[in-house]
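There are two complexes below, and they share subunit A, which is joined by subunit B in the first and by subunit C in the second.
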Partner chain A sequence: MDFLSFVILGLGSGAIYAAFATGIVLVHRASGVIHFGFGATALFGVLQYADLRRHGILVLPVGHIDLGTEPSVALCVLLVLAHALLFTLLIYLLCFAPLHAAPPLARVVASVGVMLAVQALIVARFGSAPRSVAAILPNKPVTVLGATLPRDRLYLAAVALLFAAALHLWSTRTRFGKATRGAAENEKAAILLGLRPRWLAAVSWLLAGAVVTVVGILIAPTTSLEAGSFTLLIVPALGAALVGRLSSVAVAAVAGLVLGGLQSGLLYLTREFSWLPQNGLKQGLPFLLVVLMLMVAGRRLPGRGTAQDRLPPAPAGRLRPVPIAAAVAAAAIGLPLLSSQWRLGMITSGVAAVLCLSLVVLTGFVGQISLAQMSLAGVAGFTLSKVTADGGVPFPVGPLIAVLAATALGLLVAVPALRVRGLHLAVVTLAAAVAIEEFIFKNPKVTGGLSGSTVPQPEIFGFSLGIRGGAEDFPRVTFGYFVLVVTVATALAVAALRRHELGRRMLAVRGSERAAAAAGINAARVKLTGAAISSALAGVGGTLLAYQQGQLSYASYSTFTSLGLLVAVYLGGITSVSGALLGGTLYSGGLVSVALHEWAGLGDYETLILSIGLIIVAIRSPDGLAGLTRQRLTPRLRQLARRTTTTESIAVAEPIAVRESTTTTKEVNPHVAAG
Partner chain B sequence: MTAALAVTSLSAGYGSAPVIRGISFEVLPGEIVALLGRNGAGKTTTLLAISGLVRARAGEVSVGGKVLPAHHPRAVTRAGVGHVPEERALFANLSVRDNLAVAGARRAHDLRRVLELFPELERLLDRRSGLLSGGEQQMLALARAVYQRPKVLLVDEMSLGLAPKICQRLVGVLRRLATEQGMAVVLVEQHLFLALEAADRAYVLHRGEITLSGTRAELAERRAELEAAYLGSVTAGATAA
Partner chain C sequence: MTRPKRLVGGLALAAMLLSGAAACGDGEAEGTGAPAAANKATGEPIRIGFINQEQAASGSFPDLRTGASAAAEYLNNQQGGVDGRPVEFVNCTVDGSPEASQRCANQMVEAKVPLVISGLDFSGPSATAIIRAAGIPYVPILPIQGTDLTGDGVFAFLGGSPGQFAGVAGYVTDEIKAGKVTILANDTPPGVAAAESLQKVLTAKKVSDVQIVKESPTATDFTASVTAANDGSPDAIVVMFVSPSCSLIMQSAQSLGIRTQMIYPSSCLDPANLEAAGAAADGALITTEQLSPQTDPDDPDVSTLVTAMKDYADVAEDEITSSHTNGFGVAMTVFGVLGRAGKDVTAASVLKALKASKDQDGFLDDSYTCDGTALTGVPTVCNGSVRIVRIEGGKPVPASDWTTS
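Now for the complex of A and B:
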């Protein structure tokens, strides 16, 4: 096969990129959301189609409908499409319509939440067994200019382009399309003109849902179908959507097709030229495209009138010695007393808390969104493996080198962030996560292939700090204490950073880069410093995780783990140290995870439950569970405490009041008036 | 004659803070009425409450004798109320032509009618509205509202940031709309002299209440009181009409 044949073959994946990019542009233009979940929702529909064709069963998110017979292709497509439209409408109305005026971060996390929830739903409803689907489009080869080309890829490309052209015309030529664009831009103006912005947006969501589902079904016969097949295809689609500047459906669709063709062409080149990197080139291309597009379009400072990201307030980082000492003492006493499962949960929570702290600094303090935090942790983990297992570097020099490596990469990823903000930054970091995973983590030379990379247990002066002891001694309490010390130290350091002048500068940059720059703050330097501290913390977390696991594979630091980390810390509270600690318990394998397994028997639904929790928190309480505690629980406790004090004070004050005058009670005891 | 717009005992505010308290006024067809007052007097809130964008706490609004449902902007628009808000609220990424198209499914002669009022927009039809000058944007905002053929036109701070010449030009357009099409216009202005020049009658608001009202001639005679209203020393109930 020659280069052209490879490029034409790539039109298959190009068609799905084009369809996803079309969907992304449509919904972004209508509701300001970058929907990461199109891949997952399309996959749900495609798997529904596969089961419907094969067994005549329409699998629904809850329950199923048995049609009894093997339905025709047309009926299957219609049923799946009807379900997809309803599903998409529900996603919009329940998750994104309430967030229409929310800051970009809330929309990003809700989008990630939907993606993970649908992905978890796919695993729960369809399992992980691969499926295949019979050809729908004619697939007889056709010969053009001497090259034998797969006919169905050409049809797929034509269908994707046809959809894009129709939607482009709808969007630019019809009053409805123009009104949708207008309403997304200025809701108040639309309302004053008698339009219904939510309904206009809902129609765009429906159209996007229809396009991704139909093209997904058409492409299904050309690919193997399993849970996760389509989910991360959203990354190249995002690249294509960015080429269309998130506003032109037609340009985005063409870019998607070209990208698919080029990726496939690259495969041909890697086969022909062995000196080219054999891993990750395919995934590296969309990353480069995303970064280039955003770097070119981005600005060093946001433009005049650019809406500021309204993140939840970051608590002052004040230390409360008594609760802190009590929590540390409880953890220290609990570690040896807990069963191995709960102890492991506690250790995982501690490690995850350090990782969550890295996001608190980056997102909570500086206002930068990152979906690649576990990639940085992974670089630390694999570096640790290389320098300790292969290089024989002892503890603690090995971990220090690993943390430095993560910091260096973090700074590299932060460079685009100097010009890119909000939703776009989320896209860049997601693309970076996928590129790092494919380019570095899946490279057997770096990570040891299927056997993975080993990490020797940490030892200091002959004393083992490792997690593994004898057969009965897992996880070792000593390792638990090691993690506890590191967690407490990093948490105190982050709290100190919040109180420090640098922390205040970070919050100033988060609040308004323009205002901060006007006040003499070097926003770029603050951002880079924040990125360095954050990636160092991610490196520390990654190192601890490496020591905990002992044997690393790319799955330990995959893109999904980065998304899972964002879920955990946002649920906990992304602007506070307490939120990060709470986030640690919510991370996969943490204390909440153990509780779900042990007490509720809901371990299989952990991701689904947490993702739905994330969406609810994004809508109802942007400062997470820690913020909710601060806002709701703490005042109530204070009120309760005040009532108790008041009752006691009245009892004490009464004799004085009686002695002087009943009206002097207020002066004698101010608590009475306050209560 | 039935009032084109009748506001009766209207109260509205934000959160727990009341902004307008029981204000009442009427606008007849073909009449321009100005709402005057200092910053924070409640002028803009009055317009927003009429449009249904701010929920009225008490009172009612009727258009052509028909009472409008409370807090229902779409019903207000359908009843024939056009609103040009202070910030003009254009769709900056849409062209001038598309801004007009979004306002209503009208025919070619409607576009001609609007362009006759604002001939400056004709050569700008395909330009993105975000690229227009302030004066051109205000013209487009007015043109878009007029394109919907409203019976009542609410215009908030029309002169904000515009050159006097443009303001005069826009006042002329409002006068034409009132006299030729019988449109009732409510003009919220801080520019006292421009408002008095444009309006047939005016109401002065102070801390959410109407403290002074009268025809243009009456108010011109009571200039000292009017200026005092702007400086905040007018006493409640000094009604000229």
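Now for the complex of A and C:
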């Protein structure tokens, strides 16, 4: 058994990467979206197939159809495929068609929203009984190049390549395929030629959905059908898609097969060469691939919507002392009065608000998308555990070291990221989140194996600030105040940043790097400063989270928590401090979560509700709920206030009213509204 | 600190509904076959907490709750409860995240339950810290990491991974007389730690060559890792993956023509798993911690399990999974402890009864003793004994007696 034999053994996984990569390329070419949700939608189809084949019941997103008999394999595949096509079409029409000309952030966010929503739907509709799918392709063993493997792996690889080849020919040889590529590159010209870009894009989506579902079903007998893991198979597929430069289906598919083989080959290499890292290398490989591809071929990757991005406005945040003081006082009084559940919810909201603020700085101000904020927070959390539990470092020093560690990593990651932007940055940060989780958080040397990583309670001059201890109810009010102080301080700091010259420079860079450079702003330095501040904030949040939980595991800062954070802060409003505070309440375990559990009994559907909310907000209101409030509610309140003033004041107020209406109207879209 | 009236009202309403449901007894059972209550408990209910991970993308385990609830129904309707008092669960669902575990733990502390049982909770230690700080004993049905295995005031009636692998070590050295063993381990920190501790035990028992091959629990294809595990022709491969991965591993092994003896953990005995694996399961050894309908159909405890699962959970005998059995068995054992907690069942009296348990009869299991000595290195486990069974013709056949580490 040598390296090559192990590579052959990886063809099964390679086939699914190839299929997903094909789907990603098709869809990106047609509508400029990198769809993170293919894994989830494929799994939905697979589980449908499993139930249909076994029990004759077709489970739908809402309700089900009982066929009464157990259908044949062919009929099952047909039915599931028909459903998958409808489902994909619906997702495209509702979530992505409206975002054709939207900035990359909105498209990323909608894609993440779909991924999380479909995954939540899977958990809700299919529950948890483990499902297995009986073999579909013949699987007697066969020996190839010294490796014995079930022959269905070879058939799978062949099927994936066949689909890729067919789609490659379709897109380069047929008129329809060429029209799709043309329409994707220049929508206006396509319309002038009488083509319908949306229609063409829809067809691409349907083809992608079909390929992904069929290959998913064929591969199901060999893989574990667990929601979380299947969904994240998209990450290696993204790597393969990037090798295909997001435009060649054939190259992407081959790259997927090779990647699957290489990952399997790593099993051989890590045993042969014990100096190689013994864990996480398998998941680290896609990340390395993504980074390599972006650095090597970054400029040649097709980008969309870079010229005229309609970005959500970042309000100037006039700091009004009275409402702020009132809010802080209300929180301070409320903390001891609330029940344990609500107090815990408030504390979680405060911690999450700090984490949201880090994304406000990075994405809202500087314009860089990151799907790995919680990974930075996790580095801080585990550093805190190591230095305080193992190293015995006392309270204010321990968290400072932790925050420094997070900042250092954030800067390290930001340097190569300078050349990357938009969707590609989203891809690289997602791959990074997975890699960090596997490499660092799952490394027993870092996270302490069976006993986990404890975080001793913070105390200063003998006075405990911790969340638990003594005779007091959990969570202790003192910890609540600690979190409140940190949250208010960071919120004020970020608001001050916005009003400071550095904040304006960040927004200039966000708007257009070239224009900013022309105005004499060093874009690279601004981006790095933004990354440093954002990482430091993530570190602070991660430290608070570590103190709150008291015991860390690799799941504490997983990839899905990063995605959940993005959901929360985007819903709240990613460009403002108030948006971050609102986002904090929406984060898992925050005030809204508590309300859903206590008042509405909808706790189990929290993720589903929030993801759907996210998609709606991405389409309707890019500056989140906070933006909605600002646009609709605040002017009306001001109007109300104005009606009670004297005529003199009205005369003075008029120019103010004119200015205000200018800032609150939506920016006019200079593009011709396309089909 | 005042408690909002809504919360108290909600809990009171839930308690009333639960009591009402328990009082109405037979009528509300899911199946049509719930029998008349032969010995109904009518006293003041004992409410114990039940935290379980369900509806989560990272893993859902509702069968644990189903089993435990069926046990409670059986106890309340056929055995007169605990000293005439019915047992009710205060249920709370977690999703694997620490926030959810903290929320549920908080809820239990507010409800002032005398005991909290948890089915499976990936963030169990977060909940345990809060529950233990309130002086309430904690019983994880399936202990996996951290305080589950080493916490004070924590009591596990099943050995979980550490328990099973200690038993395996004995069988591997004494029966198989293996000189070379490979462990196919789950590539997560608890999984790797468990593999390494088994490696230590095997090495101490003079097994000269113990290798560990790691694979991600979310692997799409086990062919490569199974091949790697068989590299070098070991005498035995110890698999540390649970259902439903075990059927995939069994099938991989069969496709690859691997003849090496493979040993699996107890959840691989699940009927769904054996069915999915088909002929690939034959010859496999499985470590079990409890009696089951497949291995001991004539045992009185097993008969109770089968009857109760059918009557109160509408689960047929061939659908009973190891999770059902885990939940049912541990719940019944715990009810026995409650019976020794005195007239006033409080957290303190339950804790005392747990600590004082010595050579008590376990339900569906060997006897247990909760003084920290049952399983070396894992003080929370009260019963670390296991049995090995072999699959022949798709059915399990005993291959060893109860052994303790």
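Rule of thumb we're sticking to: the second predicted complex is superposed on the first by the 621 of 675 C-alpha atoms of A that agree within 3 Å, B and C clash if a C-alpha of one lies under 4 Å from a C-alpha of the other, contacts with A are read in each partner's own complex, and residues count from 1 in each chain.
The rule is simple: contacts are C-beta pairs under 8 Å (C-beta built on N, C-alpha and C of every residue); 3 or more make two chains touch, one makes a residue touch a chain.
Here the structure is a predicted model, which means the values were calculated and not measured.
**Q** Does subunit B (first) or subunit C (second) touch A:175, or do both, or does neither?
**A** So A:175 only meets subunit B here.
**Q** Would you check which partner chain A:186 touches, where first means subunit B only, second means subunit C only, and both and neither mean what they say?
**A** The first partner, subunit B, only.
**Q** Which partner does A:130 contact after superposing on A: first (subunit B), second (subunit C), both, neither?
**A** second
**Q** Kindly classify A:72 by the partners it touches after superposition: subunit B alone (first), subunit C alone (second), both, or neither?
**A** A:72: touches no partner chain.
**Q** What is the contact status of A:551 with respect to subunit B (first) and subunit C (second): first, second, both, or neither?
**A** After superposition on chain A, A:551 lies in contact with subunit C alone.
**Q** Just subunit B (first), just subunit C (second), both, or neither: which does A:588 touch?
**A** The answer is second: A:588 touches subunit C but not subunit B.
**Q** Look at A:473 in the shared chain and tell me whether it touches subunit B only, subunit C only, both, or neither; answer first, second, both or neither.
**A** second
**Q** Which partner chains sit in contact with A:522 here, subunit B, subunit C, both or neither? Use first/second/both/neither.
**A** The answer is neither, since A:522 touches no partner chain.
**Q** A:639 in the overlay: touching subunit B, subunit C, both, or neither? Say first, second, both or neither.
**A** neither
**Q** Going by the contact definition given at the top, which residues of subunit A touch subunit B in one complex and subunit C in the other?
**A** Touching subunit B in the first complex and subunit C in the second, no residue of subunit A appears in both lists.
**Q** For subunit C, which residues are in contact with subunit A within the complex?
**A** 1-4, 6-7, 10, 54-62, 93, 96-100, 102-103, 105-107, 109-110, 122-123, 125-126, 129-130, 133-134, 145-147, 149-150, 187-190, 192-194, 196-197, 213-214, 216-221, 223-225, 227-228, 231, 243-245, 247-248, 252, 255-257, 272-273, 276
**Q** If you look only at subunit B, which of its residues touch subunit A in the complex?
**A** Listed in rising order, the residues are 51, 53, 73-74, 77-78, 83, 85, 89-94, 98-99, 101-105, 144, 148.
**Q** In their complex, what parts of subunit A are in touch with subunit C?
**A** The touching residues are 1, 5-6, 9-10, 12-13, 16, 119-120, 122-124, 127-132, 134, 139-141, 147-150, 153, 219, 222-233, 264, 267-268, 271, 278-279, 282-283, 336-342, 344, 348, 438, 442-444, 447-452, 468-469, 473-475, 548-551, 553-556, 560-561, 588-589, 593-594, 597-599, 603-604.
**Q** What does subunit A use to touch subunit B in their complex?
**A** 175, 178-179, 181-182, 185-186, 188-196, 247
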